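Consider the two complexes below, in which chain A is the common component and chain B and chain C are the respective partners.
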Partner chain A sequence: MYKKSQAQIMEYIVMIFFVMVIIVVIIIFLSGWHFAQLKAEETKDASSRVLFLTKHLSHSPLLVKDDYMFDDGKLTALKSLGPELCGELEKIFGYDWYIEITVLDGKPKTECTWSNYPDCNYWEFCTKNEKNVTYDLPVNVYRRIGYTLSTGVFSRVDIGFIRVGVYA
Partner chain B sequence: MISIYKLFRIIFGIIASVFILYFLIYYSAVYSEMQRDTQRVLILKAFKKTAQDVYLTGIPINFSQFSKLEFDLYFEGTAEPPKLRSSVSSMIVMTPLFFAQGDNIFIERLDLDYGWWKFDFVEAVPDMTIIFNPLENTEEIWDMMKNITKTLPDTTNFRPKVTFGFCDGINLDENLCGGKPCERYDFLNILNQQHGGVGFSKCTAGMDKEKYRLVTVSSSCRHGFADKGICIVPSQTDIGNFYINGSAETYIYKDPLDLVSAIIGGDSVSIYGIGAEELFKYKNKILGNRMKIMSKVMAQRSVLISGRLQANTNWTECVIPYKNLADTLYFGGQDSISNILSNENYYKNLPLLMQLKNKLNEARAQYQELVDKGCEYIYV
Partner chain C sequence: MRKAQINIILVVLLIIIFGGLALFLLSFARTISQDEYMHMYAHNLLLSILRTDTGYTDIQCKLVSDVTRCGFFQTEYRCGKSGPNCLTIANESINEYISRFRDIRKNFRYLFTVEPVGFVARSSTGEPLKISIGDSTLKTAKISKWAASEEIRKITATGEYRLRAQLIIALK
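Entry: the complex of A and B
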């Protein structure tokens, strides 16, 4: 009689234990699912940020003549702002990003500076050697000093691409 | 007779069930609150994305997801960087945004055109009625009302609505367009009509602070003159004072967006202060920062291009206008636009604002000269 009761009590305790285990597993599963969702959201955030930044930079009058048409004069002028430049750009576009603009003119890559403008085809801003998520996009580049004739200096539009990155 | 084993079973069963029940109820309550908070964060993100899309594309849209859950939002524009705060999270907003809370929001992009640069911004507003109370009948006042109206969203064919009306004493004249409230386009037509002999008395009508924005325009405006909204002193130079109900400060306006930011912000007080004051300061901070860097870039670009034009050709027609523009924007020392804006409190200083206004007019004319001579493109 005593042993039977003891066995039945044990049965109850084991049953309760398993019920608790099931509840804990459900909780762990739900929490895990929740955190996985947050993690996925974070990854999605990084890609949507870089996509927005690409569009924002390609629309900003600070860099472009028209939407998706970068102005080489503005880009070279921006380079001349010196060490304060990235801080100023971060106030407008947010933190931890970079941009590279390349003109596809078949010539070797030459970074634009005050002295070699307009015989150059590449600009980069705020680049760092860090892990990043990038987005490439074909764009136009407006060359203010496009070609010179006896009647004057004329502009032209070249094809290029931009690479925008957000540091992870 | 109940055995000890049965008694144990009952007591154990009660304890275990209470424990499990408590645990489940507690966890489901926490989990459902967590889900609601997640939902709030997702709605806030969707709003930010919508506002950014409007900023980039210029296509107006309405946003109604705030009606799904209870929200307590505040746009903290003067924070660095500017943030949209809710009870559960905050979100950085880098695009210029003038926001007033509501269940349904209309979002539209507008701009301030300076000739050599355009400042794009987004207005996100709920159902709102702008009530004008002009206490004198002068051309400056009617022009000011037109400029304010043009700088507010046009909600034709959209919901929610931004409508316009007048207040005369205890009467609110809201249904001025065929018995219906006027939206921007129709109200501008009313403002363009002959208004000789039209007179209004000081507004004493009761109105809900959330929906109505009272704009009193009078040369008698001073602290406490209007007990609702904002009170503007008209000016022939487009620069003048205005007052916000509940604030002891005297503010200076120099463009319609100064006034519109205060109108959208409203005179409701939150733990962060008066909405109108916060948006007005935000507007001047963001405009000042962007104009400062833009003026430096445009000035450097002008010097760069004029230098190359001079070096490469005999075509020197553009060189002098480029140099003049560069001086006005950045290289002109104390008087340059960039230098004026390097004072963080430029918008509180009347002589500086007068100087800025003159320089902006000069820069506009100089850039137009470059466009007319074929040296520059029209900024669209």
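Entry: the complex of A and C
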């Protein structure tokens, strides 16, 4: 009788031990799931912000000639404003983002300044060496000095892409 | 002891259900923003290609959309007076611009087509005209793909004619 009840008690102790282990596993699993959800939410928020910024920048008359057609003259003029430019742009478009505009003309990447314009094909604004979420999108770049013929200077529309990112 | 075993099995089942649910929700959360981005990418690439200069200055050949229109409606016209005909330049330009993006986005598959809507355009030899560049299997492939289309119009004395330019992209 004594041995039987001792065995039953042991069975219950083992069962309780296993139930406790399973509860701990569930807690760890739910915490992990919650953490993963938060991470996914954070990435989703950053992605939404990048997409919104991309649309906003690609429609801004400050940078474009037409929707998704960046104007090289405006971009180069903005570059000439110097280090204060990023702060001014952040007042309009929000903080902690950057944009790069590249013309796909098959030539080596050359950043545009007043001194080398129009023999250049790249502009960047507010870039920092920090972790970020980025998207790139095909766009056009309107080159004010496109062709130089005997009859004059003509504009040209090139193909390129923009890379917009927000800092994490 | 048997009751305890049943309890343990139930708890394990519960864990499996939770795991499945979490994975499903996580994958769903990711596809929403990717879907919007892929649509934007397809639309922008199509629009950007059509609006880009070909390098010719004649009005029929200046932009890719101009040269495409000319390729279907003025089949004998030669760009730059004695250069190639419009359809050849349209094919070359679209192919060139797509390949520039293929170098950036190596994980994408592309199919660019231009077809007449409601009529048949024919070449001087009588063959139906059509532009098809890229992976032609994408049109019928039963996979996740994103498409964008634009119309190129031509108004003549006999009425309005339309060409449909379509770009389909998919992940490799």
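As a convention for this text, the second predicted complex is superposed on the first by the 128 of 168 C-alpha atoms of A that agree within 3 Å, B and C clash if a C-alpha of one lies under 4 Å from a C-alpha of the other, contacts with A are read in each partner's own complex, and residues count from 1 in each chain.
Quick note on the criterion: a contact is a pair of C-beta atoms (placed from the backbone, for glycine too) under 8 Å apart; a residue touches a chain by one contact, two chains touch by 3 or more.
Quick caveat: nothing in here was measured; it's all calculated off a predicted structure.
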Chain B versus chain C as contact partner of A:153, first or second or both or neither: first
Chain B versus chain C as contact partner of A:48, first or second or both or neither: both
Touching partner for A:145 - first (chain B), second (chain C), both, neither: first
First, second, both or neither for A:111, with chain B first and chain C second: neither
Chain B versus chain C as contact partner of A:69, first or second or both or neither: second
First (chain B), second (chain C), both or neither touched by A:30: both
Contacts of A:19 with chain B and chain C, given as first, second, both or neither: both
Partner chain in contact with A:135 - chain B first, chain C second, else both or neither: second
Chain B and chain C contact sites that coincide on chain A, given as residue numbers: 19, 30, 37, 48
Residue ranges of chain A touching chain C (in the complex, touch as defined): 11, 15, 18-19, 22, 25-26, 29-30, 33, 36-37, 40-41, 43-44, 47-48, 51, 54, 68-69, 104, 106, 135-140, 146-147, 149, 154, 156-161
Chain B residues touching chain A - in the complex, by the definition given at the top: 3-5, 8-9, 12-13, 16, 20, 23-24, 27, 31, 34, 38, 49, 52, 56, 81, 92, 94-95, 117-118, 289-290, 293-294, 296-301, 304-305, 308-309, 312-313, 315, 377, 379-380
Residues of chain C that touch chain A when the two form their complex: 1, 4, 7-8, 11-12, 14-15, 18-19, 22, 25-26, 29-30, 32-33, 36-37, 40-41, 44-45, 47-49, 51-53, 57, 63, 97, 100-101, 104
Complex contacts: residues of chain A adjacent to chain B: 5, 8-9, 12, 16, 19-20, 23, 27, 30, 34, 37, 48, 52, 55-56, 59, 61-62, 65-66, 71, 73-74, 76-78, 80-81, 88-89, 91-94, 114, 117-118, 144-145, 148, 151-153
